[in-house]
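Read through the structures below before going on.
Common to both upcoming complexes is chain A, partnered first by chain B, then by chain C.
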Partner chain A sequence: MSGSVAQRPVRPPSRPRYKGKAPYLFLSPYLVLTTAFFAVPFVNAILLAFYETNGPRSRAFVGLANFVYLFTDSVFRRALFNTTVFALVSVFVQLPLSMALALLLNSGGDRVKGFFRLVFFSPNLVGQVLVGILFGVLFTPRYGLINRGFQMVLHWGLEARWLSEPRLIMPAIVLTSLWLWVGFNMIYFLAALQTVDKTLQEAARIDGASPWQIFWHVTLPSMRHVVIFVVIMSVIGSYQLFELPLTLLSESYGYGANDAGLTLITYLNYNAFRCGDLGLGSAVGWVVALIIFVISLVQIRLGRLAEED
Partner chain B sequence: MNLLQILLLALFAAFVGLRLLGRRRAASRFARWTLLTLGAVVVLAPFTWLLAAVFKDRSVLNEFIFLPPVEQWSEKTLNLNNFRELFKGRPSLTGPVYFWEYVLNSTVYATCTTVLQIFFCSLGGYALAKYEFRGKNALTLFMLGSMMIPSVLLLAPLYKMVVDLRLVDSLAGLIIPGMVGTYGIFLFRQACMSVPNEMIDAARLDGCGEFGIYLRLVMPLVRPMAAAFCLICFLGNWNAFFAPNVFLHSQDKLTLPVVLNLYLGEFRHDQGVFLTGTALAMIPPAVLFFALQREFIAGLTSGAVKG
Partner chain C sequence: MRFVSNFPYGRAPFWLLVIALVSLGLRVVTARGREARPDLVVVTHTEAQFDAYRKAIPRFERDHGVKVQLQFANWASLQARLQNAILAGTEVPDLAEVFAGSLGFFTRGPVEDIGLLDLTDRLHADGLTQRLVQSRLSLWSTRGRVYALPHDVHPVMLAYRRDLVEALGIDVSKLDTWDKFVEVGRQVSRDLDGDGIIDRYMLDMRYDGNWALQILLFQRGGQVFDPQGEVAFATEDTAQLIRWYLEQTRGPHRIGYECGWGQPVVKAMTDGLVLFHWAPDWRSWIFADEAPALSGKMALMPLPAWTPGGRRTSTWGGTGLMIMKQTRHPDLAWELAKYLYFDTAELGQRFLATNILPPLKDAWNLPEFDKPFPYYSNQRVGQMYAALAPDAPPVYSSSVDDAGRLGLDRAFNRSAEYYARHGEAGLLDEIRSELAVAADDVRRLARREKILAKGKL
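Let's turn to the complex of A and B:
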């Protein structure tokens, strides 16, 4: 016993413990507000999903009928499908682009790096609503900046009806989201790249590894914590996509032609707050929460597995 | 072939040329800066377009991609009509409402929430970082769990509560539920961890009260995090749409994003007006961002990179 203590590094003598009420007092605003505005609504959200409501004041118990309705409603399935497509695109298109930008920037000088970082981050100062309003005009057929840009570079797209042709609605939302969020995730990747051990990369290079091999086998594994964090955050964000389609497709409350731009939260917003069925809205909320929860768990699990290898 | 295509081809040809000459390093440097510059142009183009659009008449809004060449400048391409139209009083049930009222609402909402959040979150974060107390582990676990719950799930029951509390259709109904946040507490907890215990103990021995330690010792030390969080919080609330859109009803109580979304329909045929409102709404976050830029990037990434 005494032997093991002696081997430990010398620790400073344990400090006298504070025994007063201060921490409870300091946390009391959080505790009170969280009980009132998180715990109580949370319990209500559980209960509400089993009721049919008409506005905030009248309700009738309907058991599981809200959930049964959701899974037989083809509009809801469409929303689920669209949102999942968007989440997949976010992870497999947006994040690689962010990573590519971060890699391009990482070897530059500090001043240049600061400038480009500022430029690429700047769309995030503008909220989703404002971006949606602006891009709604940029996507105007024949005249819009984006239509003209496509025409100039690719000789295609001047007449493209981005926001009214079902086939083009999701691509338009994705393009807007790329403009908005590629720079945001780049900030995380850039910060992580700067913590990667340079000597490891150098050793791999001397051993004859190609830049691609160095990235895939040295750089990426050593920043996996950040990668997992960013993937989880962007999946969570994707499943809550709402304001962007709402403002881009404002004439149909975000649904778009043939429901091509409909997301889960758009569906929730329309049914709960426009039609007044808060119960159905809560049921949708639970489906979203469950999806987010399961996907996060799977990703954390996969991250652990990768670590053990 | 147009100028833009020729330019892109020339850039590509220069890259291939450098590769063929065996100047691999130069080629990769050239490719890097070209790609970054093109990316920056794509990112900045919509802003530039918007800046030009607010001064243009409806009839020429889409005539020129940005501003016309100087010799074609006229009353139509450079005027303040959009601003005049935007700031004009608009009739509502409670009398005329002016655009500056929405600006005021947004400012009050975002500022109050930010100030209160900084105070309550730093207080809570400090308590979690530097005190041992019963229930601390359970509380931390609860907080981590509560971050997994998407806020939209709570919006419907929260709306019902706000209605019951008679706070609906007021900024107070938005500010009070948003005065404290788990994310903020964790950010401040992280920052407070790095304050040396010896300093806190010394202050305590010198007879400083617990709140005094927080206010006079800890807060100045975690100032960078406070600045970062200030921006995160202000941006989030200034741009918030979902809750304000549900909670606020009267025309004179609305915030900027809610109103601009309404204007999309109202000014469908006069897009310059809501574009001008959008451009104006971008200014306050941009000013704050430039003031707090350095702290912001550090604060945003500290949790993810360390954790």
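Let's turn to the complex of A and C:
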């Protein structure tokens, strides 16, 4: 013996191995609930897309006919176009506005920040249905507050028929959604801005970078994970747009004049729940899910590429 | 606590088990025995009807020695849940009130899937078909059978600012055709203060067609669907109507202005921005309720006809009472339906509370229907609507009802876009083409439904 005791590595206590049925019994509530409320509906929704149905009990197998119908239906194509336009506006108009607001608030004091955070977030508290009803009144030709505001500032808009003229319907939905969502996304950006390393921004400033260069090369890359998250969530939310057009354009079931306000989920809702064709509705649901999946994958991939650069 | 520590697999499973057992125990203790189902359950979606039925039902219960439960539900959820419940075979009310245009939804698919009681033979047996306004049964019929009782007729008139119209020297009794109405409308629709914006219009007209276009279509004898449920709007007459409507809402001599709904209409009428608006019986009451300041300044007139001596009314909306096939007491449900809709003792008071004209012609002789209505310059509103009611046009139903209405609107709005770009040149051909395309789209959707009839599992 050398007199020194060799130090044996201390093994963590091994987890007890349980045998028998007990572990499965404990897992069973979760498995039963997941199977009943997730797996079965999931599989059923896949199968449903290949049937034409009249409510939940009466159905006829139609193979791919639902999908063929969708892609040859000009109304569905219009819904896809409208929803994509709305998603693009969300990403390229709404999010920059949210970011601008967040940057503005980030430069203010804590009290100012707290107050405006509440102000900009509060539209979200009332919900889309109420906002839809409220804006339905604000968009009234001649008497609506928005019409009068436009007239005062731009000398245009007093007679604008936001909710019955096809070319104005999507701008009306966008305006309403801006009021609703700009503040919501701003909260994410504001939170992310507060985590950006100030010393990096300071170093860039000393090196002579302009405010824009600091934002573009230092601030934005530092918060890219949040930006990617918000962009993905915005796109998903945009493709699920439903309540707002439905309440704004309630007399045409959310379609609007010349289908100008029609979104994919409105189309789904109409076919599945007003016409009772759950099969067609399910097919629309899968198309929407696929679109969201592909777009999200592309966005995540682009985010990674930007990170590697 | 040693027991807890020694519990197999540790403390967490022990506490989870305790929570599960306590929850189960609470559920068992608090569970009440299910109340016995009343003999009949009836659901409505309109507050006015709910109040009226709540007062009327106790007498029916006494007379028949039964228990009736009245429920109130939002109309959209009532429609969707009811249809799914019927098809799934789950519990449904015995009777339910639904809006016009929803029959197609409830009668979609094979006849054996229709969850509603066929009322045709009962109507004949009780001699009701002769006592009702015939055209109203069309709203609740499909494949030649009647599946709901009509609650109303909803003839349409025009309500107008009597004080302003008289001050302008307009004699409404001479406005008996749309040509004359438009002629006068062009004289009064003008910019009064020279700012380039028209300050006074003749008529409230929806910019996107929608219900206003349908009112005029029905008045002309047109239909969205024919009695067999086939698309019927793609006609030369509809094309002519759309051209006319575009001229009145967008043309250089337009007379129509869209006022919106609710308070914006009240404001427009109060300001004199529009002089006339559409007034089916139900809306005549709602407007009076919403704009009390105009009491005595308003009056009603029949719609101008499309041709001299032609139809002076149309129809807008409707409610029907359906009896479910699943009801355990079909005869009792039928008695209740007749009592709620056609008991003359109730109908007079109900008219006074809503202005809604029932389809039962006998009821129109009640004194309540002959009362002057101060809001409308003491006109005998009940008699005015009753005089027009027999001429109210039928409105036929289809399994793709909404799609038909949307298709008509689509054709209208596409034609409007053409009109905005090209004006009158080639407009009529464009309208015909858009109507044909829209009709084909609806037919395509309707064809899908036929698959169900063949391939039901």
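Throughout what follows, the second predicted complex is superposed on the first by the 276 of 309 C-alpha atoms of A that agree within 3 Å, B and C clash if a C-alpha of one lies under 4 Å from a C-alpha of the other, contacts with A are read in each partner's own complex, and residues count from 1 in each chain.
Operating definition for what follows: contacts are C-beta pairs under 8 Å (C-beta built on N, C-alpha and C of every residue); 3 or more make two chains touch, one makes a residue touch a chain.
This structure is a prediction, so every number in the text was calculated from the model and none was measured.
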Consider chain A as the common anchor and indicate whether chain B and chain C clash or fit when overlaid. clash
Please indicate which partner A:122 is in contact with in the superposed arrangement: first for chain B, second for chain C, both, or neither. first
Let me test your reading of the model: by the given contact rule, A:257 touches which partner, first (chain B), second (chain C), both or neither? second
Mind working out whether A:192 is in touch with chain B, chain C, both or neither, as first, second, both or neither? first
Regarding the shared-chain residue A:74, is it in contact with chain B (first), chain C (second), both, or neither? second
Just checking: does A:245 make contact with chain B only, chain C only, both, or neither of them? Give me first, second, both or neither. neither
Based on the superposed arrangement, let me know which partner A:37 touches: chain B (first), chain C (second), both, or neither? first
Touch test for A:60: chain B only (first), chain C only (second), both, or neither? second
Decide which partner touches more residues of chain A, taking chain B and chain C as the two options. B
First (chain B), second (chain C), both or neither touched by A:285: first
Is A:161 contacted by the first partner chain B, the second partner chain C, both or neither? second
List the residues of chain A that touch chain B in one complex and chain C in the other. 18, 22, 26, 56-57, 137, 140, 143-144, 251, 273
Quick one: in the complex, what on chain A touches chain C? 18, 22, 26, 52-62, 65, 69, 73-75, 137, 140-144, 158-159, 161, 164-166, 251-253, 255, 257-259, 270, 273-277, 280
Along chain A, where are the residues that touch chain B in the complex? 15-18, 20, 22-24, 26-27, 29-30, 33-34, 36-38, 40-42, 44-45, 48, 56-57, 101, 104-105, 107-108, 116-120, 122-130, 133-138, 140, 143-145, 148-149, 152-153, 179, 183, 187-188, 191-192, 195, 225-226, 229-230, 236, 239-240, 242-243, 246-247, 250-251, 265, 268-269, 272-273, 278, 281-282, 285-286, 288-289, 292-293, 296
Over in the complex, which chain B residues touch chain A? Could you list them? 2, 4-5, 8, 32, 35-36, 39-40, 42-47, 49-50, 53, 61-62, 65, 120-121, 123-124, 126-128, 131-133, 136, 139, 146, 148-150, 152-161, 163-164, 176-177, 179-180, 182, 185, 197, 201, 204, 210-211, 214, 235, 238-242, 245-246, 257, 260-261, 264-265, 271, 274-275, 278, 281-282, 285-286, 289, 293, 297, 300-301, 304-305, 307
For chain C, which residues are in contact with chain A within the complex? 8-9, 13, 16, 80, 83-84, 86-89, 105, 108-110, 113, 197, 206-211, 257-260, 263-264, 267-268, 273, 400, 402-403, 406, 409-410, 413-414, 416-417, 441, 444-445, 448-449, 451-452, 454-457
